[in-house]
Amino acid sequence: MCGIFALTQHREAAHIAFLGLFALQHRGQESAGLATLNKGQITLHKDVGLVSDIFSSETLGRLPGTAAVGHVRYSTAGGESGGNIQPLAARVNGLHVALAHNGNLVNAPELREDLERRGAIFQGTADTEIILHLLAQAPGADLGAKLKHVSGLLEGAFTLVLMSQTHLYACVDSLGYRPLSLGKFIRDSDPLTNHTPDCWVISSETCSFELVNARFERDIQPGELIEIELASGNLKSHTLPNTHTTSKTEAKRCVFEQIYFARPDSYLWGQSTFLFRETLGEKLALQSPVNADLVIPIPDSGVPMAMGYAKASGIPYAIGLIRNHYVGRTFIEPTQTIRNFRLRLKLSPMRHVIEGKKLIVVDDSIVRGTTSRRIVELLREAGAKEVHMRIGSPPVKFPCFYGIDTPKRRELLAQQMSLSEMREELQVDSLAYLSIDTLHQMATPQQRTQEGKSGFCDSCFSGCYSDSFAQRRLREEPTAFVGG
Amino acid sequence: MCGIFALTQHREAAHIAFLGLFALQHRGQESAGLATLNKGQITLHKDVGLVSDIFSSETLGRLPGTAAVGHVRYSTAGGESGGNIQPLAARVNGLHVALAHNGNLVNAPELREDLERRGAIFQGTADTEIILHLLAQAPGADLGAKLKHVSGLLEGAFTLVLMSQTHLYACVDSLGYRPLSLGKFIRDSDPLTNHTPDCWVISSETCSFELVNARFERDIQPGELIEIELASGNLKSHTLPNTHTTSKTEAKRCVFEQIYFARPDSYLWGQSTFLFRETLGEKLALQSPVNADLVIPIPDSGVPMAMGYAKASGIPYAIGLIRNHYVGRTFIEPTQTIRNFRLRLKLSPMRHVIEGKKLIVVDDSIVRGTTSRRIVELLREAGAKEVHMRIGSPPVKFPCFYGIDTPKRRELLAQQMSLSEMREELQVDSLAYLSIDTLHQMATPQQRTQEGKSGFCDSCFSGCYSDSFAQRRLREEPTAFVGG
Amino acid sequence: MCGIFALTQHREAAHIAFLGLFALQHRGQESAGLATLNKGQITLHKDVGLVSDIFSSETLGRLPGTAAVGHVRYSTAGGESGGNIQPLAARVNGLHVALAHNGNLVNAPELREDLERRGAIFQGTADTEIILHLLAQAPGADLGAKLKHVSGLLEGAFTLVLMSQTHLYACVDSLGYRPLSLGKFIRDSDPLTNHTPDCWVISSETCSFELVNARFERDIQPGELIEIELASGNLKSHTLPNTHTTSKTEAKRCVFEQIYFARPDSYLWGQSTFLFRETLGEKLALQSPVNADLVIPIPDSGVPMAMGYAKASGIPYAIGLIRNHYVGRTFIEPTQTIRNFRLRLKLSPMRHVIEGKKLIVVDDSIVRGTTSRRIVELLREAGAKEVHMRIGSPPVKFPCFYGIDTPKRRELLAQQMSLSEMREELQVDSLAYLSIDTLHQMATPQQRTQEGKSGFCDSCFSGCYSDSFAQRRLREEPTAFVGG
Amino acid sequence: MCGIFALTQHREAAHIAFLGLFALQHRGQESAGLATLNKGQITLHKDVGLVSDIFSSETLGRLPGTAAVGHVRYSTAGGESGGNIQPLAARVNGLHVALAHNGNLVNAPELREDLERRGAIFQGTADTEIILHLLAQAPGADLGAKLKHVSGLLEGAFTLVLMSQTHLYACVDSLGYRPLSLGKFIRDSDPLTNHTPDCWVISSETCSFELVNARFERDIQPGELIEIELASGNLKSHTLPNTHTTSKTEAKRCVFEQIYFARPDSYLWGQSTFLFRETLGEKLALQSPVNADLVIPIPDSGVPMAMGYAKASGIPYAIGLIRNHYVGRTFIEPTQTIRNFRLRLKLSPMRHVIEGKKLIVVDDSIVRGTTSRRIVELLREAGAKEVHMRIGSPPVKFPCFYGIDTPKRRELLAQQMSLSEMREELQVDSLAYLSIDTLHQMATPQQRTQEGKSGFCDSCFSGCYSDSFAQRRLREEPTAFVGG
């Protein structure tokens, strides 16, 4: 998973973009980068690490300009290599551009092979480089036209921001897998010219707007291409050509963004992420009630669902596990092993709250199941009498090919086991998931397609991928995914 | 404020002590240090920064030995200087010792002056160096006897751990201002000798025991001196001589540790910190009810009190502010200022939760009031209809001279203003504090003195200091405090 | 300027290549990189900085394999950008390759423009990326054939090492501007097979062989392409096709490598660099004698010439300036300026040696003249009675387009001024250069072309470039050069 | 060994002191520190590492004030510990002071034991802390009087600079083991007051004055105490009381400073270090001639002696070994060992110069002999026909107890072996040292004592120590020395 932030017409573009990326840090902690445009020159700084470690006032000072595009990147296979850190800056047909990408192209292997056959060289393994090559070879009078053309060749999820020396382009694939929102800075008009060019902000999530004091305008729609002329601030909206597998009326917004990935204070596709999750917890309580003393969340992701579960069930909400916020990257374990060492560094059980209690433990999802099993152990050691696990989403049974970094199919717990086997494996007294239907009912009328479908992608739960490429990828069981 | 961790008879003393300090990180983020004892040699590593940054497997590898004493230190005046980072290691009367100290000596200026007159030199400004000098000049057959003697010269709060080449000593001043607990590792007996020496653990807070898998044994009592022979693991308990201002029956445990400072998963003087705070919130709800839609905490310190308030009032508990856990130390602000920039980096308002709502905002205390005022602004901007502030402790009106790093009297909001003036200043619709009597009622029977007093120090609320030195310090209005 | 080091069939390829690069550090201090080949996989590590800072035993440990190619790079325009650090690793026609380049293509703008027109994208500004693109589009059964084809498209100086998953290729352009030598490790034969595959070493300078204990075999000839099969160690020599501007019998070895750039302990094209310079000094003494007390070098580059001058003139050699070897990169100057501050950090005058003396100051060349002028000032302040400057090469009047990082024509002192004006500008009592004819006489019989020409490139002195592209570049007066 | 730099009355005291220390870097690479005085406050920054790594413009910015004292420290036993890095800053009798020390007290164990008995605590192992303790307990009206008193208690070598809130003191022990010079900045008078306070500079070596543009005034004499009033710049000279072992007429200036330690561009006790060494080389040539082709130095320390030897013998001077200046601290050796790996990293043989030649190899001294033996190996491998070693000083047979960091007696090659055994061990064709008498003849009339003695300390050659403590130390054969 990744995050994108861009803005135009701001005297401190690099500083604001830095803050925008900081607010998107949860979308990618592996690496980050920022490209700014100054008098037709693109300057780029990127590195592995956290946003606040990569950028200092010194590095921001070396990024002059009034427009910027930034990116945060999640760990993926081969991700360590510098060639994959975004944005990518390149000279394409004599034009300097910077490109940032969030998503995953399902037809990347086919596109790459074809490009190599035609003499393209690849310095990294990210999809973004494929898109640059396609742009360089695309017909079209300008970059906007080329981008439109290229979008027709891409299958899967792609949310792109492209900065040229004159324009900023932003587009979302026709199925709208990943979010992208448009905002604006409110400013006084220039006293001399009486004119104020619009200062646009684009971000993967609305939480960025809150931090930089910008106003949310609207979401960029599935299949929409935004074109902003940097000099004037004029914005035009275009429609991307359909790919052969999609139809206008469909939409496949990643429901896992709403369940887990996005920040709780973001609005995603018109819904509050926090309230969405709280409601899932409420529905879960109604679907899978159990007699218990306390409802406790797995922090932090299980908090809203646990609060919802508690509210709907009437069972008190409590904090049974404290999260330690000082945890760094590398930690030295004594050779004389401490049981569940790494988990203990992060989570500390509240013995006096837990002891002798029947607990309902709420989490957003189970992937491999290893952490869940350890948490149950920790709670039992701290004296829990019963542990009932409730998951605020359906079982994750299939890999995601659209940008979420999930493991291979055979590593997914729910793929390997039945519910009762999982209950055994996790050593819980009971285990229940939310039904997939309930999830689809959560769609708002605006999110729904003309046919009344939810407009959600549920492929990680259902295995129903929207295209033949993803089905092929599943058959190939790739060992690693490289997305944006 | 500071934290201490020590242990004996463990093959991986440095690794375990590192983890113990890590669990105490909240007690001091300024600097940390660790001294180990190996074959009569004391090795020391200390630096400014966080525990996990200061120690690596390389530095831990250079700290051999089976006993260790560690320290984390909070920022204080002049704290940057290397001379103040603890533990202090020194040669005293030909013996190598390492000393760690938590607390603040109220008669430090007098002791220092007297020592200097007698030819002592001071390389730092911390109380710990005073104690080392007194030890060097104390009568007594061994370090234990010297330590006893020295304790009679110290006024104020001191919780000490002293490691010599043969013993580990730990003591708490007679009024027991700061917590110190004793734990033990459970181990198999040696198959050859059929004997298992006890492996003792000492920590400022019980949360350390949980992380390193040790068992809590008991608190070290006010006025108690523990002496552990390193070779045998034998532990003896001694009683410190009374100072002229204290009587056996008194105790002055810092209630602010329970209100704010200690980790919620620690047991402090026999009480769960989390439940203590939750109960304060409940009592606050009963004492100061108000009609509202939601109860929201200021994260993270206000969470237990807000949960208690919600439970007792029946008003729903909600999360109205999200805390960002990626915040680093230095942050670059754009010149074109963003309102409440630094607060926004840390806290993000949940607009959709807050909008149009009457809020009860719960926090543990108000010190200068600047952050509180900014939080109220942030909530109003996010659409809060009413903001009622409830504080789970009495107004902080006086500086602490016993180790909590509070500002000078004239900087404390509640010292300068009446309740209605504060309400005006904070721009809240109503403001209420917990009564000081309620606080004292929270004492357990075991915590109470023979006269039935609570055994709590409430000087930051009441201005009633237990000794004449603190009163003198208040009159002098010092600009800075240097504690342990 | 840059340096290249590569080797095959060595169990510790990364470690040896690291040492090889370390010995070439003088050829480029801006950045360095190393690519190794292990079981068909290429791994790459590169960064800005010095070789010994970029590589640690940890990073070398992450570079497994038995073949390696490494590169050090000198500061050039735009050099800071990560995209220019070599080697470049890429996938070309489905094959993984790593490419390192030393030199400068004079027709780079034309090649780049043409490639962009055909849809190539450029992520950096180095010539090396152009060569990768050309390789990807070249006809030919294998990489060797493609490389041959590509060499016919390149004008100017190129010394290349290309590692594929099966072969190591090395070539030098037909005019042989830059040096490249072949060496071999001496090894025992395998006791089982009685066979020892050859372990080849390739380096820009022979000083690398000395450090890693390899034996110098021979220079790679102008227009030669070496092909080593990695599995067997078999080496074949091919001939590159002539470009239209060159003829077999010509050679244009960069004489500035011998005058200044190469390490004094390297053998360059069959000559000892140190002795070459010493002889220049001797000839300079005969051509431009002057009555003086002492001959002193500008350290370190002027040392061999000064020794030669002293020997031939009979005037004693002395050390008048001490070089400080602790000088780091960034240095803080007091605001109350110290005259010639930066020079003083590096060079300290020997007042007692200099005072009252007539000095002959010997240096290898004058480029902008600023440092020379300051050195004269320093010597005068230290009491020198007369300062006679003698330069062991002809006046540098023209920019180099073949890989030496010289400034623009108008910044070259000797381009702007006559000899007497320079004498005035440098405030010296006399000034003399070596004649260009003397330089050409230095060529050994082996170095000479069939026509008896010296086989040296003297374009920086004469302005006679070997091709029309360089002449065009001179007319365009580019502001910056990007070479390898 | 260590270096000291101090100055007064300069608006940029920290910056100038930083440069002064930089020029003294050769006297200590282990750690460095700087204390400045601003409005009665002493600020200190010190760390392990090189001067240019420890100080940045940021750290210098945090060292305000117009007076400063700095120190560089050589590696010594236990030196890694932060407690030993100088200057030491402390509060002594209510006064803030900073103390820097160069030398070694031979009665340190006795003084330390006595102080500990009287209740002093030691946080480090450096002599400097002993001196601070003695100052704190000394009688005397002011620090100057106390310092005089303390100097009478110290045996051995001590060169001290002590900065208080009002004065700067500098003194040299009565035998004057270590150098200390006084300089002055030349400044315009204040236009308003028509008065210019003197800006004094004090440094271990005169090379610092050259860098910061100060004028050398004079050496501080053996047994002299300088007192500078910071407010007025007034300087007074006092005489230290004699210790019982010294008489006025004696002096024991460390001749090893002149032979090896000091920078070649420094004036030491009125002599040019470079010329001193060159003359030693000349005398060596006359005393120990040998028939050979070339005289080559071991760089860099052997250069002046080799030049002198060449001049006196008429045998040409040549450079046979090139020193690599990029060598860092840690270096990774391949497991498949390269012979004399670490030496090769530093020194590269000039094969074409050496091959087939009879060499006279000149160095300043032989300590353990390991490096010398390896250099001979390297020269033989590079083809040297004969290797004659000539050492420009007498054999080092005894440890130094006055501040030079020499190994224990039994590790010194010349202590264990006869000349012919050494010749065998080093594998040289001949070996000769300078006679000790020649060394003493080098003393200038000014350096000589009233009895006409040279005024040099030659204890490392002769074993004749000036005091009974050093003799005791020799008998005790300590494993490590901790000096300043």
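Things to note:
Letters A, B, C and D mark the chains in the order given here, with residues in each chain numbered from 1 onward.
One rule holds in what follows: a residue touches a chain if its C-beta (ideal position, glycine included) is under 8 Å from a C-beta of that chain, and two chains touch if they have at least 3 such contacts.
Just so it is clear, the structure is predicted and the values come from calculations on it, not from any experiment.
Ranked by how far their CA centres sit from the centre of chain D, the chains are topped by A.
When the C-beta pairs in contact are tallied for A-C and for A-B, the bigger tally goes to A-B. A separation of 39 Å divides the Cα centre of chain A from that of chain B. If you average the CA atoms of chain A and of chain C, the two centres end up 48 Å from each other. Chain contacts: chain C has no residue touching two or more partner chains. Chain-to-chain contact here is organised cyclically: the chains close a single ring, every chain touching exactly two others. Inter-chain contacts, as defined above, occur between A-B, A-C, B-D, C-D. Every residue of chain B that touches chain A in the complex is listed here, in rising order: 11-12, 15-16, 18-19, 22-23, 25-26, 50-53, 55-57, 60, 207, 210-213, 263-265, 267, 272, 274-275, 303-304, 307, 311, 316-319, 322, 324-328, 330-336, 338-339, 344-345, 348-353.
The residues of chain D lying in touch with chain B in their complex are 44, 46, 81-83, 88-94, 113, 116-123, 132-133, 135-137.
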